[in-house]
Each structure stands twice: as C-alpha cells, then as structure tokens.
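One structure is given below, represented as structure tokens, and several questions about it will come after.
Order as written gives the chain letters A, B, C, D and E; numbering starts at 1 within each chain.
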Amino acid sequence: MIKVPLSNIKVPRINVVRRKRMGLPGAIPGSFLIMENAVPSKIFVFSYKTDFLEETETESVEEAFAFTDKHPDCFHWVDVRGLGSQEVLNFIQQKFGISNLVMEDIVNIHQRPKNDEHNGYSFIVSRMLELDKGLQLNNEQLSFLLFDRLLISFQEDYKDVLDPVRLRLRKNTNGNIRKLGPSYLMYALMDTVIDHYFSIINRIGDEMEMVEDHLYQKPHKYLMYRIQGVKKLMIAMRRAAWPERDKINDLMRLNSPLVNEETRLYLRDAYDHTVQIIDLIESMREASTGLLDLYLSLMSNRMNEVMKTLTIISAVFIPLTFIAGVYGMNFAYENPKTGEILRGNMPELYIENAYVYVLVLMAIIALAQIWYFARKGWFKN
Amino acid sequence: MIKVPLSNIKVPRINVVRRKRMGLPGAIPGSFLIMENAVPSKIFVFSYKTDFLEETETESVEEAFAFTDKHPDCFHWVDVRGLGSQEVLNFIQQKFGISNLVMEDIVNIHQRPKNDEHNGYSFIVSRMLELDKGLQLNNEQLSFLLFDRLLISFQEDYKDVLDPVRLRLRKNTNGNIRKLGPSYLMYALMDTVIDHYFSIINRIGDEMEMVEDHLYQKPHKYLMYRIQGVKKLMIAMRRAAWPERDKINDLMRLNSPLVNEETRLYLRDAYDHTVQIIDLIESMREASTGLLDLYLSLMSNRMNEVMKTLTIISAVFIPLTFIAGVYGMNFAYENPKTGEILRGNMPELYIENAYVYVLVLMAIIALAQIWYFARKGWFKN
Amino acid sequence: MIKVPLSNIKVPRINVVRRKRMGLPGAIPGSFLIMENAVPSKIFVFSYKTDFLEETETESVEEAFAFTDKHPDCFHWVDVRGLGSQEVLNFIQQKFGISNLVMEDIVNIHQRPKNDEHNGYSFIVSRMLELDKGLQLNNEQLSFLLFDRLLISFQEDYKDVLDPVRLRLRKNTNGNIRKLGPSYLMYALMDTVIDHYFSIINRIGDEMEMVEDHLYQKPHKYLMYRIQGVKKLMIAMRRAAWPERDKINDLMRLNSPLVNEETRLYLRDAYDHTVQIIDLIESMREASTGLLDLYLSLMSNRMNEVMKTLTIISAVFIPLTFIAGVYGMNFAYENPKTGEILRGNMPELYIENAYVYVLVLMAIIALAQIWYFARKGWFKN
Amino acid sequence: MIKVPLSNIKVPRINVVRRKRMGLPGAIPGSFLIMENAVPSKIFVFSYKTDFLEETETESVEEAFAFTDKHPDCFHWVDVRGLGSQEVLNFIQQKFGISNLVMEDIVNIHQRPKNDEHNGYSFIVSRMLELDKGLQLNNEQLSFLLFDRLLISFQEDYKDVLDPVRLRLRKNTNGNIRKLGPSYLMYALMDTVIDHYFSIINRIGDEMEMVEDHLYQKPHKYLMYRIQGVKKLMIAMRRAAWPERDKINDLMRLNSPLVNEETRLYLRDAYDHTVQIIDLIESMREASTGLLDLYLSLMSNRMNEVMKTLTIISAVFIPLTFIAGVYGMNFAYENPKTGEILRGNMPELYIENAYVYVLVLMAIIALAQIWYFARKGWFKN
Amino acid sequence: MIKVPLSNIKVPRINVVRRKRMGLPGAIPGSFLIMENAVPSKIFVFSYKTDFLEETETESVEEAFAFTDKHPDCFHWVDVRGLGSQEVLNFIQQKFGISNLVMEDIVNIHQRPKNDEHNGYSFIVSRMLELDKGLQLNNEQLSFLLFDRLLISFQEDYKDVLDPVRLRLRKNTNGNIRKLGPSYLMYALMDTVIDHYFSIINRIGDEMEMVEDHLYQKPHKYLMYRIQGVKKLMIAMRRAAWPERDKINDLMRLNSPLVNEETRLYLRDAYDHTVQIIDLIESMREASTGLLDLYLSLMSNRMNEVMKTLTIISAVFIPLTFIAGVYGMNFAYENPKTGEILRGNMPELYIENAYVYVLVLMAIIALAQIWYFARKGWFKN
C-alpha cells in the first residue's frame, strides 16, 4: 500500500513573499526599475479573429506592436515573457499611458491577486502556483493589462504553462475563444491557472494519505516533517486563493465595459471554482492538524509501551535480585578450628533443599507480578 | 454497555472532492464530456396532476420527452439516473437550451450545493450523503433543472434513495406533492436528502458515545483512530452543509417565478433544518476535540501510573539490594593457618544475630519508603 | 474548603438534539403525527383581566376552548401540558387555522428557539434547560402560539416550572401581567426560562471552582472527567442561548401587532439578559479550557516529580551497588594446601580496615550526588 | 532582577458575574428590591456653575434634592454611594419617573456596560475594575442617570475612586468640567474608570514579565498557577472592555440631546482608549498563551534532562554490576580433601592479575558508553 | 548552512504599549503636559515648490514659522524632532488652534495609528517600527498635522529614518514630491515607514528559517526561546499593522479636501502594501505555531529515544544480573569435618562446565531480547 520512500525529504520553506524595493527603503514610490535577476523579455503576438490567426515571436517591441496595428479588426494578445528588458516595458508604458504604479507592480513580482481599474484599461494580477517534484512551491506572477481589443500578459520567465490556451486559440477556430475578445481570453488564461490549483491540492491530498498510511505503521520523525511541509503549503496556497477569489468576484460584479456579458457568465464559473478551492484548503488544513494530533498521540502511545516494557522487566527482576543478594551475604560462618557452625546467623542456608524453596519463592513472586500486570491490561497494547 | 467490537476499524479517508477535468489542464472551459466511469443513463418519467399519474421507464430520451409532451396539462418529473450517456445529455441540452457550463457541472459530479438562475430555468445542486457500514461517507451529486412545469433530476447511479418521494407521488393523490408543481417536488426531494444528514449525525453521535465509553475503560490506540475518523466525517459533513444552507436561503429569498409561494413556506422549514444540522455539526466537532483531549490526558494518566509502579518498586528494592551487596563483600577473611579472624574487617559479620538485625533494618527501610509514597498519595490513583 | 465527594461522577452525555421523524426518511413534510412516547395532554385555562380570574383544568379540548369563548373581554392563556393527544392538537389546528409545519414543530420537540410570524398568529419556541442533581441537562421545548388576546403554550410534560408566573397571575391583580395581555404573559414565561439559565450557570460555576480547588490539591483523573462534563454542558447551553438571543431580538425589532409597546421595553431587558448569558458561557468555556491546561500541566509536573524520585534513588544507589559487587567478586583465593594467599588478585581485600575505607568512599559518592541534585534544584519542587 | 516572592500566591477566581434575582426564579420582572448585603446610601450633592460651587453631604434624600432645586441655574451632581436604602431609591424613582427596569438594573449590580436612552433621561452603566494586592479583581458597578442639567451616579460602596474628578470640580473653576454640564462630568467620571483599566493592564504586564523571568530560571508549578491567574484576569477584563467600547460608541454616535457637541469630541478620545485597551488585552491574552507553551516546553525539557541523567547512570553501571555479579558466582570450588581445584569451572579466577584485567575492561565499557552519549549530545543541554 | 550563533539570545519583551498619564488617574483629560523623559525639540523646516527649496534648522519655534510665512506660494514641511519643549508645542497649538486632545495625543507617544479629521486640519498617527540587532523592537510614534499647504511632523527623537524622503525632496526637483503638496509628502513619509515593516518581516523570516534549520539538527531549549521571541514580535507587528491599514483606508475613502486626487491613487498602493503586510504577518504567525509544534514533537521524539536506550540496556542486563546473583548465593556448603558436600543444595554448582553453560544461557537471553526489540523497530529511530 505504501510506495513512496521516506528518504531525501525536503521540507518546503515558508515562502515569505518579500517586497524587494529597488535601492534604499524610501525609494521614490511611483518610479519603476526592473529587478536584478529578471530575464530578458521575449514577445509573442497573436492577432486573431474567427477565421484568422497570425502568430509572431520577436524580441523587438516595435515590431511586436507594429503587428498589432496591422490588423485593426483583429483581437490581439501580446504575451511578454521575462521582465528583464527595461526598454520593452518603457515602450509599453508610453504607448498605452500606463501609470507608474502599475508598471512597478508588474516588475515587482510579489503582488497579491487583484483587479485595479484604470482609465481605459484594467490591471489584473494572478499568481501561478506549481509544485515541483520535491514538493517545493513555485509561486509566479502573471499580470494582465486588459484593453478593449488587446490583452497584454506578463510572465516572469519562459515557461509554457499557458500552452493549452495557445493551442485552443490555434485550433478552435470557431469557439468562444476566438469570438469573445480579450476578456474571455484572459478568463481562459486565469482558468488554466486555477486548474493548476486543483492539481496541487490533489498532490497534497496524496501526500497526506501517504503520511497517514505511514503513521499508522510507525510514527516516524520524518512524517512529522512532512506534515509540517503540508501545513506550509496550505498557508501559501491560502494566501494566494483568498485574494484570487476576491479578484474574480470584482471582475464579475463591477460593470467594467472591458468585460463582456458572456465572459461574465464564465467568470461566475471560475468564481465557483475558487470558492471550492478555498473550501478544500480549509478542510485540508484541518485534516493536517488532525494528522499532527495523530502523530503526537501515537508518539505518546509508543512511549507508554516503552515504559511498560521497562517497568515490567524491572519490577519482576529487581525483587528477585534482592532475594538472591540476601542469600549471597556472608553472615554464616563456620569456625574452621572447631568446625562449629554459627547457625544463629542465616539458619536458612542449612535447611535441606532451601535452595529449591527459594527458587520456588522467586517463581511465585515473578508469576504474581506478571499476573498483576496482565490484569491491569499492560500486555494488551 | 459496550457492544461494538474494536476490530477491523477502517478510518475514513479525508474525502477531498477533486475536480477531474477532462483532458489537460487548460481544457476548453464550457465544453462538456461525460466522465469515464459514469454508468449509462436510465430515465424515469412521471407525468402527474391531482387525479392523474403516468409512470414510464425508458432508456430512450426521445421516448421520455415524447411522454412529457403528451400531457401538456400535467406536471412532469424526468429522473435521469446514471450520467454515462452522452446522447441523452446532448438531447436535453439542445431541447431546453441549457448552457454548456451547466451541462459541465451536471457531469462533473463534484460541485458544491448551489442555486444558479438562468434564463427560463434554474440549476440546483444538492449533495446526497450516506454512511456505509464501515463509516465511509458516500458523497453523491443530485442536480436539478427546474422549469415552469417540469423538473429534471440527475443522479450519479441507480440507487433508490428517492423512493419515499416516489411513493408519496403515487399514493398521496390529493396532497401538496401533486398540487404544488415541480418546485414543491424538488423541495420534497431535497428534504429527503437533508433527512439523511440527520441520520448520519445520529450515527456519528452513537460512534462518539461508544468511543467515550471505551475511553473511560481503557484509552486504546484504536479509539484515537476512531476519533480521527469522526473528525474527518465532520469536516466532510460541514463542507456539504454550509453551502446547502446558503442554497436553500437563496431559493427562499430570491423571487424566482419558478418557486411558488406555498413552496417558499416549506423551504423556510428546510432552512431551519439545515441551520440545526450546522449547529449539531459544530457542537460535535467541539465534542470530538474534547474526546481527543480526554484520550491524551488518559494516556498521560496511564504513563504516570506506569512510572509510579516502576519508581516504587525500584526505590524500595534498590537500597535493599545495596545493603545485601555490602554484606556480600569478601573483606572478612580468616587465616586458615592460624585460624585467626581479622575482625577489623567487617566486624558486623561476627556479631551474633547480625543477620536478623540486617533483615529488620531492611524491613524498616522498605516500610519507611512505602509510608512516604503513601503519604504522597502515590497509591491512590 | 472542599465538600463535594468525587465518587459516583456521571459525565453528562453530549446531548445531540436529534430530529426523530415519524416513519421513513422522506416522510411527507407538512403532515404531523404525535411522538411515540409523548404523554396525554392536560389543559389548564386562565381567563383573566385586571379584576377577574378564572382557572380551569380539563382534559377535554372542547371544554377548554368553550371557556375562552365565555369571557370575550378577557385575555386567555391555554397551557397544554403533554403532547400525546392527537385530537387536542387537531382541534387546535382546525380551530385557529394553524399551518401543518407549525404543528409539526410543536410535536417534534427538538426545534431551535425561533420566532415565526404567520397570518394572524406568531409561533415562538423556547428551550427550557434544567440541571438535575447528577449534572445531567434536561432540555425541553416550550412553544407558544401567540394571538391577539390568547396565548397557547405547549410543554412536553406536566412539570410545574412555570408556577411562579401562575402565582403572579393569581395574586398580582393589578400588575402588568394582568394588564398587558398575552404578549407580556409570554415575556414573563420566557423570562422565567431565562432565569433558569442563570441558575444553571451558577451551578456550573460552583462545579468549576470545586474542580479547581481539587486540582490544586491533586490532579485526579476524575477531575478531568468533570472538566469534560462542564465543557459538554457549555456546548449544550450555547446551542440554546445563541438562537434564544436572536429570537428575542426578532420579537423586539419586528413590528408585530401582537407585541405591544410596553412589552417591547421588557423584551429589551430580556435581550440584555441573553447577551449576558452568552458572555458568561463564552467566559466559562475559556476558563474550562484553562482548567484543562492546568490539569495537563499538573500531570506533567507530577510525572516530573515521580521521575526525579526514581532518578535520585537510582543514581545514588546503582554506583554503590556496583562497588559492593566488585568486592564481592571471588578473585582472591588462597591455596588451602600451602595456605598461600594470591595477593596479586584483589589486594585491597587484605588492607587493614579496607572495609571502612570502602564504606567511607561510598558515603562520599552518595553525598556528592545528593549535593549535585540539590544544586540543580531537584529537591525543591 | 527578580524581586517578587512566590509565596502566598492566591489564584484569582474566575469572576462569574451572577445575576442574583430576589426571591424565586420567576420573580416579577419590573419590580425592584435592594440586595441583601447592600450598604446604606450616603448622598453627596454638588451644585456648580463656572463661578459657583456648593457641596453637601447628607443621608436624607429630601434634603439632597432640595439643594438641587435651590440653584436652578446650576448643574447638579448627586453622587449616591451605597445601594442599601430602599426609600432613597424609591424617592428618586418617583421624583424623576424612572422605569422599574432601570431601578432594577441599578440595584442588581451585575449589569454589562450599556447605554439605554429613555424618555427625558439616559441610563448608563460602567464597570469599575480594580486589582487589589493579591491580584484579585474588584468589579463594581457605577451607574448614571443623565438628565439635562443633572447627573445622578450610583456606586456600590463608599470608596473614593472618583475623588480626582471631585478635586477638579472644586479647583478647576474655569475648566470644561464646570462649563460643559453633566454629560461632560459623566465623561470625566468614565474616563477615570477607563484610566484604571490601563493601570490594571500595566500591573498584569509586570506580573507577566515577572513570571517570564522566573520561568527562564526554573519552571515552577506556582508559575503555572500565576499564568492561569493572568488568563482569568484577562477573561474578566475583556468581558468589561468590549461592552464598554460599544457603550461609548453608542453615546458618541446617537444624537442624544443630553450629550453636547463638545463632550462628543472627548468621547471620541475615550473611545480610542477603549479600543487601545481591547488591543492590549488581546495581545496579552496571546502572550499569556505563549507563556503557557513556554512553561510546558520547559517542563518537557526538564523531564528530558532528568531522564537523560537516569539513563546515563543506569546505562553505565548496570552492565558493570552484571560483570561484577558474574565473578561473584560460586562455580569455582576446590575439594578440601584433595585440594584439587576444578579449574574447568570459572578458570578466569585463577589467571594472575585477572582482577586488574576485569577492572580495566569495566573502565573501557564505561568510557565507551560515555563517549557514545557525548557524541549523541546528551551532555549538552 | 547554519551561521548564527545561539549564544546571547535576548528574548524580546512583550511590548505593552502603556498609557502613561501625567499625574494621578483622573487627571484632567484635555490638558497636555510633555513626558518626563522627552528630549528637547529641534525643528527642521523645508519650504519648497517645483523649482525652489529652502531648508532651515532651528530650535526657535518663532524663527521656524517665520520662514513658513516668508514663502506664501511654497509648500512647507516643519519636522519637529523631540517632544520635550513645552513652549514649542504650545506655540504650535496656539498658532494653528489645535485641540487640546490632539496635543495630548502627540506627546503621549503610545497612540494607535489613526486619522482624525478636524476643522481645517487632519491629525494622523503612524508607528515607526525598527528591529535592533538583538531583535528588540523599537516602536516610535510619528504624528502629522496636515494643513492645506503645510505639513508638521513630530518624531520622538533625532533619528534620521526619514532621510530618504528628505533626499528626494532635495534632488527630485521636478517629481511628484515637489508638485503634489503636503498630502503627497505625508504619503511619502508613511510609505517609508511601511517599507520598514517589510524589512522587519524579512528579518523575522530569516530568524524563523535559522530556527527551523537548528531544530532539525537538535531541538535546543534556546530555540524555543527564539520561537517565543518571534511570536511576540508578531503580536507587536500586528497591533501596529491592522490600524495602519484602517488609517490608510480612511485617508483614501474619506473625501478630505486636504488629500488631493493624485495622492489618493498612491494611497491605494500603500493600502495594498499594508494588506500584504497583514497577510504576511498572519502567515508567519501560523508558521511560528508550526515551529512550536515541531519543537514539542521533536522533544517528545528525543524523550522516546532516551527511554528506549534505558529500557534496552535495563531489559538486557537486569535478568542477567539476577542469574549471576542466584549463583552467588551461599546455599552450597561442605562440611569441613566430613568433607561431605550437601549436593541437595545448589547441585548446578557441581556440574562440570556449569559456568560455561550459564554464560551461554545468558548470551541467549540477551540475544533474544535484542532480537525482540529489533523486531519492534526500536533500533531504527
């Protein structure tokens, strides 16, 4: 039933999302500078309508946005991967008049999920969570600038997690994704992100079942580490899921002209999913607390067992050893001159078969104690 | 007082409701495909009014809905059991113009209880909970499409849990169930589901009393497992009960034209019941935490008892054994040539009756210690 | 200071209020049948105004309500005790047009406190709590049908808990109770019920003080049981008190024409009392958690003490016993032929006064250890 | 650093505010009778305006209120101390038309802080908390009847806690206290009461620091008692502080004509203070839980240390004692007739210097074990 | 991996913000007196507009405010450091008509963050938190008086924490900070304060990771102290962060004419940051609870290990010692006169090679026990 080896457990770190401001504390709020370790930007452009699709991959921002101008009757999706090219971001800021604060939030990749409506565009942040094999949580930022006919998305690196949506865009020539414009496209991307939450929850659920199976066999110290790991994952998941729900609720309720009526229906579905995720997270948090209780009570059980073993053996043999010690004393002595034995001292030694009597006495004492412990139920676990 | 054997305990698994999406993450939201392990659909049709009832069982969806057209003045209940027939679901979707998202929720059987109002119909989800003999929780989805004169219900399999309502429909020719239309019928079905919640709570209550009775006798490890089991059931119950309450509140407050005034009164009653269920669940959750505390403190009590046994026996005999050891030393020696005894070494050995004196001394030491422990209350539990 | 004996403790059961539906799950909601173990109804009628009072005790419902018709200018209180007479309840239902759902709630005696306004009457539920001598909680339902000039109250059995109100009705000929009509009378009855809550809280408070006094003396296992008992009582009290508060708030805020302005003032007072009760319950719940912590830490303290005793005695005597063992070895031997002593083996044995030196050495070792433990503070508790 | 002795600790009782109703449960609500142990009333009257002040102390209520009539252009403060004179209270009730329910709340000295507006007057309750030297909490009721130009205050006994306000009234001839009328005077009295909360919190804070200092030295049982004491004080403080805040908020928000605009500003300040008090209480509650965790983990630490001592000593000496025991066995025997030694039995005894070899072996075993335990870190704490 | 030494740990004190009122409890509310240990005030004045900046440092308040009058078209920032000069504060109070209550809040440096709007000015309190090297939290008050074209800030002492803003004011001649007036300047100052919160959280995060790394190596007592320290810091942080958030929300939502539209946008950014801080604090509080659980379960693990060592050694050697004791008894005796051996007593001693047989028996017993413990898994950790 148990297949996962316990070796090489890495307990996930509590993933504190730290705000790394450029320069000193007190740096000018409202200016933006790219992060030090950001990778150069690559730009993928999709111009599409029901019966048309043009894809471009470029590193030149001018080229990218030239394409978007070439097809005025199309919807456009500009997918910027890598936030390390200051000139790309500056170009976008100036072309679309994006606020400095928004640009800062795009490059400072530790924002909470949120939906900020601005003049002519919306700025939306999602968090992409992924578990790697060692149960470490990758927590990346996916931000969107949503315009009337254009969606610009920003990813931290070059990963292909959004590929399924890209595939649908290419193949599903007559589907909603081609028809319903950038707000639906953004919904589809966010839904992909949310789907990952479910798969993470499933993997954590498997981990918890594995831990529980092991616990019932032996409450190993490493299992405790794993429970702690699950708890930390839950804390991190929760910090992402709650504002994700609020954000989608916002998108759904506010009457932003950028989100069309059909998309709103789909957002309700996404909202239901985030509620379900939060539900599951809270349930699993409780269950992980239960695992901890289980571990501790099993430990206490084992301790009890160990102590009972010690007590039974000690209690049985210590009195017997005492009796043996008594008859090992040298009080009985005989005068070698006279051969006279001072029988007043330790007369038992001279009783015939006294040794056998003593052995029998010892057996009786031992059996009495064992009977006593058995009656108290110490031999049943 | 205690009748349930402790053997063969299966601790229920934490029942993570997992969303199993068809295909890859990122599959097209808004398309629907039946689940792999779904069973073929059977269709049961009831056409009824106060003085008329016609029942049909069929597997052909055309036949089923032909019947519903034949009696335009009747109310109709189409009871679809098994969600494995794509053509049945497609037929229903097209005939009544059901949204893709709703169809997806019907076949993805892990929705939370909810009430979604759509154009011309309402989509309502209930969760049917049932405990099997091994305290495993079955958690099935029962969904409804509510129209003006028609109710379509969807069950995952062929179980007869809704039979009592069917019986009432057949026999109670003049009752509300014939008169008040599909919204009352749906209420009656949901009420049957809620009734099951009460019977589950009663069984869990019995389990808890059994565990408590056993605990007071002996804090067995298996009892701890059972407490964990109860806690998991509570988590699962709660995840179903809270949204159930919200759903009924929704149905009651929203002025949907599909729910008539008389039914609304009955929904208030159902609402009271869900509130009572939540109340009970929360109380039992607290009580199960109390059981856990009890278990742990009883364990600690037993450990104390074990340690006291060890300490009393050790404390009494170890000093005595030391004394015996002292008089077992070989310092006293006699010169066999001269017969002279070196009395300077261990003179006690040569005092007449010294052995008896030592035994008396030992007895005094032992009694003093026993008196000391008794005064400290170690012999009282 | 401590007077209550610990013997014969009955831990109260977690009092799960179970909804016992007649017949199968799925029984017709909206029909009502008396409970199996209900006692036959007795009816007490009071017809009163400021200067007039007529009391009747009867088992015939026709007779009872004849009396109420005889004095059209009086207020009437019909006090139905025992819910086992179907015909009585049927009569009342038909005479006053009471909804089936209300009748069901009257006979199913596990409703939460609530206030339902109906056409022409209000249906109000209170829960009467009482502690018996063994700290078991009786939890009975008291329900009211409030009309313009008539109050019908329903009790489960024949107990006289409402007697003080009856007394006031008889004696206080000029008081509010005669003047302010059935809504004030109902308030007076509910206030009597709430007064009992305070007396229960006082008794639980006494219990907790007793447990605490005992705990400081000796953390007995039975005290743990009693703490558990108090916690369960708190859970049950709380389940009654919160909806009681909401109910009274309802009565106070809703502008029901059945509740007059003066009574509303008195209801505010009752509301304050329920708030105070909830306050006290929450405080006592916290305090009972504190008692549990106290018990556990005292247990851990005692364990520590036990272990220290064992360790001190073992640590002192085990090394001494070892030394005695060494000099009990038989290496020193003498050749009886030659009388030669092999002094190379265990020469210490032949040193004059070696025995005394060894005893002194042992004493030094023992004292050194005792000094060490004393310095570590092991002899102070 | 540590100055407070641990002796003579009295753990404060959980101070259950009990409602002691006169007579039986079910006594007439709305009638009032003085409490049994109430002290006779003394009345202190202040009639004042900016340039005028007249003080009177009397026990006659007629005299008291004659004074208030003599100066119609003054504000009046009637300070009633002691609630044991029925005629005083009756007089006040009749003179000002106070509701029976209010009078009952004045004499039943266990009300929560609240603000009830009545026709022409307001009834306000504050709770005066004070810590005595033994950390017992005195919890007294201070109630006010606030009229347009008159304030009547009721204290349980003759204490002078309100003296600072009296002093200001006398000296501060031109201050707000003379100018702003009875609502400001009431504010000044309530502010004095709230100031006491801060000083209690400071004392509890000192207590907690003392306990923590002691804990780091030695986790004494009495410290646990003190932590429990602090927790109980926190529970009691909290029960007073939350409704105090709500009350002041009420006074501040409601547009009562009895509270003038300037006073409202000061009430905002008092409100800030109650919020700060609640903040501090919650922080200290958490910190006291932290102390409890600290105590328990230190206890567990000490237990560990005790067990390690026992284990090291036992593990070192028990095997050595066994070896000594082996060579104390009597298998080696010589035939005194022939002088033949049965060397096949225990030949080691006859090896030259065997005794030394055995001692060396024992030393090696002991050192090996000590090295093993040292490597496991058992000697570092 | 571990670099921080454990020596010299100072556990931070629970930082109870105490309200130290001048004089007795009951001192006149609404008067203000400087604190005893306050330092004399220094005044730094900035008069600035887009292309102009004049800085003055003075201790004379008249001089300071003369400067502010000299440039009527400029914005002014008066930075008062040190609250020990009564005349400075009096001058400000009178010149700008500040309420006594506000002045009291400025000098009583334990206010919660808040925003009070007054006639013509706003009074805002921030709390500057800083961790010193020993993880002690400095918690200082920074208060603002915000006027139309003037900002007065009050710091407790002369620290230069606001220097980065001063730098921007000097250098960023064309930035928002010169253009947007005192409300933006105040935002910039508050943002600097909030930035410090992030750096504190980062340091606490490092501390927690260090503690966790150490814990996995050895659950040292000092680590427990550090966890307690982290928890106390969290309590203090939280008490500052929650009202900080409310304050900024207030500033953002209320339509105060003193805060201009552009600044409001930046305040939304600051609000997001406080929300993120609260999020992080709550996550870290949970994680610190997890560390405590980890510590306790590791302690219990070690205890288990210690006990197992003791039990194995005792269980193996105690029975062997008993056997050795048996054969050390003196029952076998020979009559030196007759040379007759009483073989009935302890005949085993005279069996050839009995000694070897006994040794073999002992080895078998020891091996059996070790095999038993190995099978129970006691040798695996």
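Going forward, contacts are C-beta pairs under 8 Å (C-beta built on N, C-alpha and C of every residue); 3 or more make two chains touch, one makes a residue touch a chain.
What you see is a predicted model; the values in this text were computed from it and never measured.
Interface residue usage between chain C and chain D, two copies of one sequence, is largely distinct: under half of the residue numbers at the contact are used by both copies. The rotation relating chain B to chain C, fitted on Cα atoms, amounts to 70°, rounded to the nearest 5. Averaging Cα coordinates per chain places chain A and chain E 25 Å apart. Centre-to-centre, using mean CA coordinates, chain A is 40 Å away from chain D.
Annotation for chain B: residues touching 2 or more other chains are 296, 300, 303, 307, 310, 314, 318, 321, 325, 328-330, 332, 336, 346. Chain contacts in this assembly form a single closed ring in which each chain touches exactly two others. Interface residues of chain E facing chain A in the complex, by the touch rule stated above, are 162-165, 167-168, 172, 175-177, 187-188, 191-192, 195-196, 198-199, 201-202, 205, 208-209, 212, 216, 265-266, 268-270, 272-273, 275-276, 279-280, 283-284, 286-287, 290, 293-294, 296-298, 300-301, 303-304, 307-308, 310-311, 314-315, 318-319, 321-322, 325-326, 328-333, 335-337, 342, 344-346, 377-378, 381. Within the complex, the chain B residues that touch chain A are 11, 13-14, 16-19, 21, 24-30, 99, 101, 110-112, 114, 116, 218, 220-221, 224-225, 228, 231-232, 235-236, 239, 292, 295-296, 299-300, 302-303, 306-307, 309-310, 313-314, 317-318, 320-321, 324-325, 327-330, 332, 334, 336, 339, 346, 349-350, 352-355, 358-359.
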